[in-house]
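Two complexes follow with subunit A in common, the first pairing it with subunit B and the second with subunit C.
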Partner chain A sequence: MPLQLTKFLFAKTLRLVLLVAAVATLSFVLVSRSPIDPVDAYVGAAVMKISPEQRQMIIARWGLDRPPLERFGRWAAQLAKGDFGVSTIFNEPVTAVIAKRFVTSLWLMVLAWCFSGLLGFALGLIAGAWEESPADRLIRLYAYTMASTPTFWVGMILLMLFSVYLGWTPVCCAWPPGLSAEQATLWQRLHHLLLPAVTLSLIGIAQITLHTREKTIEAMRSDYAVFARAQGESPGGIVCRRALRNVALPAVTLQFASLGELFGGAVLAEQVFAYPGLGRTTVEAGIRGDIPLLLGIVLFSTIFVFTGNFVADLIYYLVDPRLRKTAGGFS
Partner chain B sequence: MLDIQNLSIRFTRYTFGLKKKEVCIVRSLDLSVSTGQVMAVIGQSGAGKSLLAHALLGILPRNARIEGRVFFKGQPLTPERQSAIRGREIALIPQSVTYLNPLLRVGVQVARAARLSGINQKDVPATVSRAFARYLLQKKVAAWFPFQLSGGMARRVLTATATVGMADLILADEPTSGLDPITAREALGHLRELANTGKAVLLITHDIETALQVADMVTVFCAGTTVEVARADDFKGLGHLRHPYTRALWAALPTNSFIGTMKPIERTSDTGGCPFRLCCNDQDAVCGQSVPELKQAGEGWVRCHHA
Partner chain C sequence: MMTNFLVLDLRTRTMMVIFGCLLLFSGIFLGAWLYGEQGQTTNLPLRKLPPGWDRPFGTDWLGRDMFARTLKGLRISLEIGLAAATCSASIALVFGLAAATMGRLVDVVVTWLCDVGMATPHLVLLILISFACGGGAKGVIIAVAASHWPALTRVIRAEVMQLRTSDYIKLSRRLGRSSAWIARHHLLPHVAPQFLVGLLLLFPHAILHAAGLTFLGFGMSPHTPEIGTLLAESMRYLSTGMWWLAVAPGLTLVLSVMAFDVLGNNVRALLDPKTLRE
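This part shows the complex of A and B:
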């Protein structure tokens, strides 16, 4: 491995460690200042039935009577060992819950991510290459509209149209009610996935389209595009044979860097479609005061978004010859 | 080969709000170049020299409007004909390495230019390596990216890209800018060679001194207008130069008296008058009235009321 790459990876790892430490500290502070009482949240409806002594026992058992710094120290030590605690809603280890829910979400996110990336990139290229053409105006209108439309609203409209009126797609869930994830066929799962994925894609397309359009216009006005035209290259030829790499690089970066928004969008889309993914679990954990799960998801999504940004940087590093070049030519 | 008569290039701009304003960058431009000839086009920065090259190729921005007559190989050069022959019969050697795509390997870019110039796909590799050999570029350079090229190498790659096809008219836009004298001479030598092999070369530059090293004829631009066409030999002394602007340029050369007495050329309004009159020492009433006609003078042409 070249020295430069080692340095790059080392710097990134260091940054990840610092980031996780900062996020863990911040979310711990937020949670401990939260008005939700963890014992009330745990006991739930039975809150009237427990005696003050029982309550004291729970508090002592959980260490809630300890000073915050000591609690944080213990929690952080557990985290470092990979123990995220047990989810109070699911009665399972947090890591197991996240793993299971994330896989369900992954189907949705991967589909939406690929679809919005490819389609958004293609639309952006077309709009940018033929700037101010009718196609460009149409694409821009679509992108601006979608960029200013809330995800949940699009989800509800699609749900009303395709699931309620037309009945083409199921109204909820990731597989037919009554079955478990393992029992559902691939086709059934895709069928349930379709509408949430389309919702998430429709929104995601806007950003990548507008960004690619800008970059394409920039490329079409560049010196190298002028030279290409002088050689007799057509606008389509300039886009496909000359500018593609220049435009694709920032687009790929953006697409990886947008994993955070994808995650945020998934929370909303999963909520509308009652899709049992990580996003929906986040909302549940928040509402029902499942603090171990909530903190676990926060840390997990931090790493998830960081990975997206990291891959973006890595791709830039590997693909752009100017960044890779060290002393002396290479062939 | 190429004959331009009374060419003008205007740009439409939107000023405050939606008010349209036409800016005339080039007007009354006359130029001709024939086979085997290097015609130098000399003018200050901003005189519309690069626009001329772009206009000939038909690659001006959309808000540009062109008037005048242009003949290429005896036939009018229409926009349709331009898009059919650019890269095939007319080729551009651009100014600098920024005209190469920074993310594509040099060899790929030369090969694409070859393909566009009408060479069969199967003949492209051989043609490209011939072009590389002609300009003394090593084979490994094909796998390099533009940022790895030195100034002189970049110049040779650009020349190779433009001449890899069979173009008969070569437009060289500022081929010596930013080069040291030795590399500049080498670049000019390549242009001379191209003319000697029967191509017509239009050498667009602001640098008279280097242009005179290889040019046969010189066309002098002032504010987008042709003011004089002279043989390169006429520049050996002041006596044969007919236009006051050309004389002032000549006098400003370091090897001559090095007198820079001229004010910068101001672009006069479209209402007429000699474009040079505001800076001219010999101007009088007639200069403000009309743009002088281009008059034949010896083997050259001059546009001045007093020549």
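This part shows the complex of A and C:
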């Protein structure tokens, strides 16, 4: 068995390397074809104030006067050493910017991820166990509505309701203005985190609920559930004692496999609440033409999504005995 | 016979739902056309009015009628969604068919492209492509059109692969039918509904992603009031209590996206022989 696990891990690592290489190459081609001039984007409104000599200096410093292929070679060589270059808008190494911003985002994502996962799972179980009941209809209506609702709009409505009208939650940022991240207390951080996390959760619940509902219905129609029913077990009992274990595994793996959507949702939620996380940094990098940072975030988020999928596969591998026997389950 | 007169069967109901959705969309287009430029004219005496009978969505900080602007924005969103979804679905059709029929190498390449296309969070990919196209409306459309194909490609590829190994197609080949004949008479009737439903179900995604991208500030100048731009602009006025700037336009967006979703699912129910006779 350990040999098989080693093989599995090796195949996954190889896959990650190939994937990152492909994404890196494609994104580099994309950004170098962009008609947006990085110097113009960097200088912004002060574009009339800089002299041609200064412009030349910036171009030479960033190596933009070299042919694209040479630039790509140099960038890739640095990348292989773990050096993502220097962000032009923050004037800091890209890795440092991403690390700092990601920690701030992580608070938000972890909270939303756990909350939406638990609540969505519970709602899906209820809806599936009592199919076509009023509760099921209500839950389904909610899930379908949320699947069609833009994250940012939910954020705006919550912001208006709780921050502007009721004044219960702060209007922006991740900690009180004037303080640094270290000075803010845990309570203050959570207070600022609450609305963005609720926004992400409200949307995130939809997918996991519908998925769990399908699986629960499937389980409720299976032979073992029908047999338990015949012995006089109630629907609730069947769900808790029999279906739960079968339904939990797909739900957990789905939750891990949806990290990409979580990241995308975080970008939108952070924009609404001016939350200084990685999502907002992505938008800034895109709008202000910070190519090294944008490429860094693309690669980082690729690895982030891959990790989620990898954990999902690993859990299946370790938990489900059926898959371990047929090692062909992984490619 | 009389008893069944008022009780509509599922098939008729499905048809009516589809018809209702199409009616909603034509209403949006017609409304946007009738209102014309009215959403762009500033009318300062009438600024910052809450919703009322005359102006169901109120007016903004320049006195522009929000209902007219919303309709116009919705129309632009629907157009982007339509263009992008058609484009993505076409790519998916070509790739899916190629992967399933043109041999092992093409299959490996297409599968790998799908994996790469889905490796990055979708929104990050959209930002990247939009940046690469230099932003603007063009950037948004290209980004949304060029990034929605992987999922549908996988569906079509799997469908065709499964069909190719099915008994009746093997039999047809043994009976001496050419590949072209089989493709036209056996593959097409199966793949066409899948493609149509896939196309319809791409719309909601495309519209939501386009709205998200414009909300973040990529693309669309303030002169083209796409619904995302509209909502991004209203962000600045939320703290002054002008709630109607965000609530009604967002709600109409949600309703139209849901209508597309309902449309897609109903068409699927109608086209799928398993659910057709229910």
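Rule of thumb we're sticking to: the second predicted complex is superposed on the first by the 317 of 331 C-alpha atoms of A that agree within 3 Å, B and C clash if a C-alpha of one lies under 4 Å from a C-alpha of the other, contacts with A are read in each partner's own complex, and residues count from 1 in each chain.
Note that a contact is a pair of C-beta atoms (placed from the backbone, for glycine too) under 8 Å apart; a residue touches a chain by one contact, two chains touch by 3 or more.
As the structure is a prediction and not an experimental result, all values here were calculated from the model.
Of the two partner chains, subunit C is the only one that A:Ile287 touches; subunit B does not reach it. Once the two complexes are overlaid on the shared chain, A:Phe227 sits against subunit B while remaining clear of subunit C. Number of subunit A residues touched is higher for C, counting subunit B against subunit C. With both structures placed on the common chain, the touch criterion links A:Val97 to neither subunit B nor subunit C. Comparing which residues of subunit A touch subunit B with which touch subunit C, the overlap is empty. For subunit A in complex with subunit B, the residues that touch the partner chain are 222-224, 226-233, 237, 241-243, 245-246, 249, 320-322, 325, 329, 331. If you check the complex, the residues on subunit C that touch subunit A are 112, 115-116, 118-125, 127-135, 204, 208, 211-212, 215-218, 228, 231, 234-235, 238-239, 241, 243, 246-247, 250, 253-254, 257-258, 261.
Listing the residues of subunit B that touch subunit A in their complex gives 54, 57, 59, 83, 85-88, 91-92, 94, 96, 98-104, 112-113, 116-117, 140, 143-145, 147-148, 161. Subunit A contributes residues 19, 22-23, 26-27, 30-31, 33-36, 144-145, 147-153, 156-157, 159-160, 164-165, 171, 259-261, 263-264, 267-268, 271-272, 282-283, 286-287, 289, 294, 297-298, 301-302, 304-306 to its touches with subunit C in the complex.
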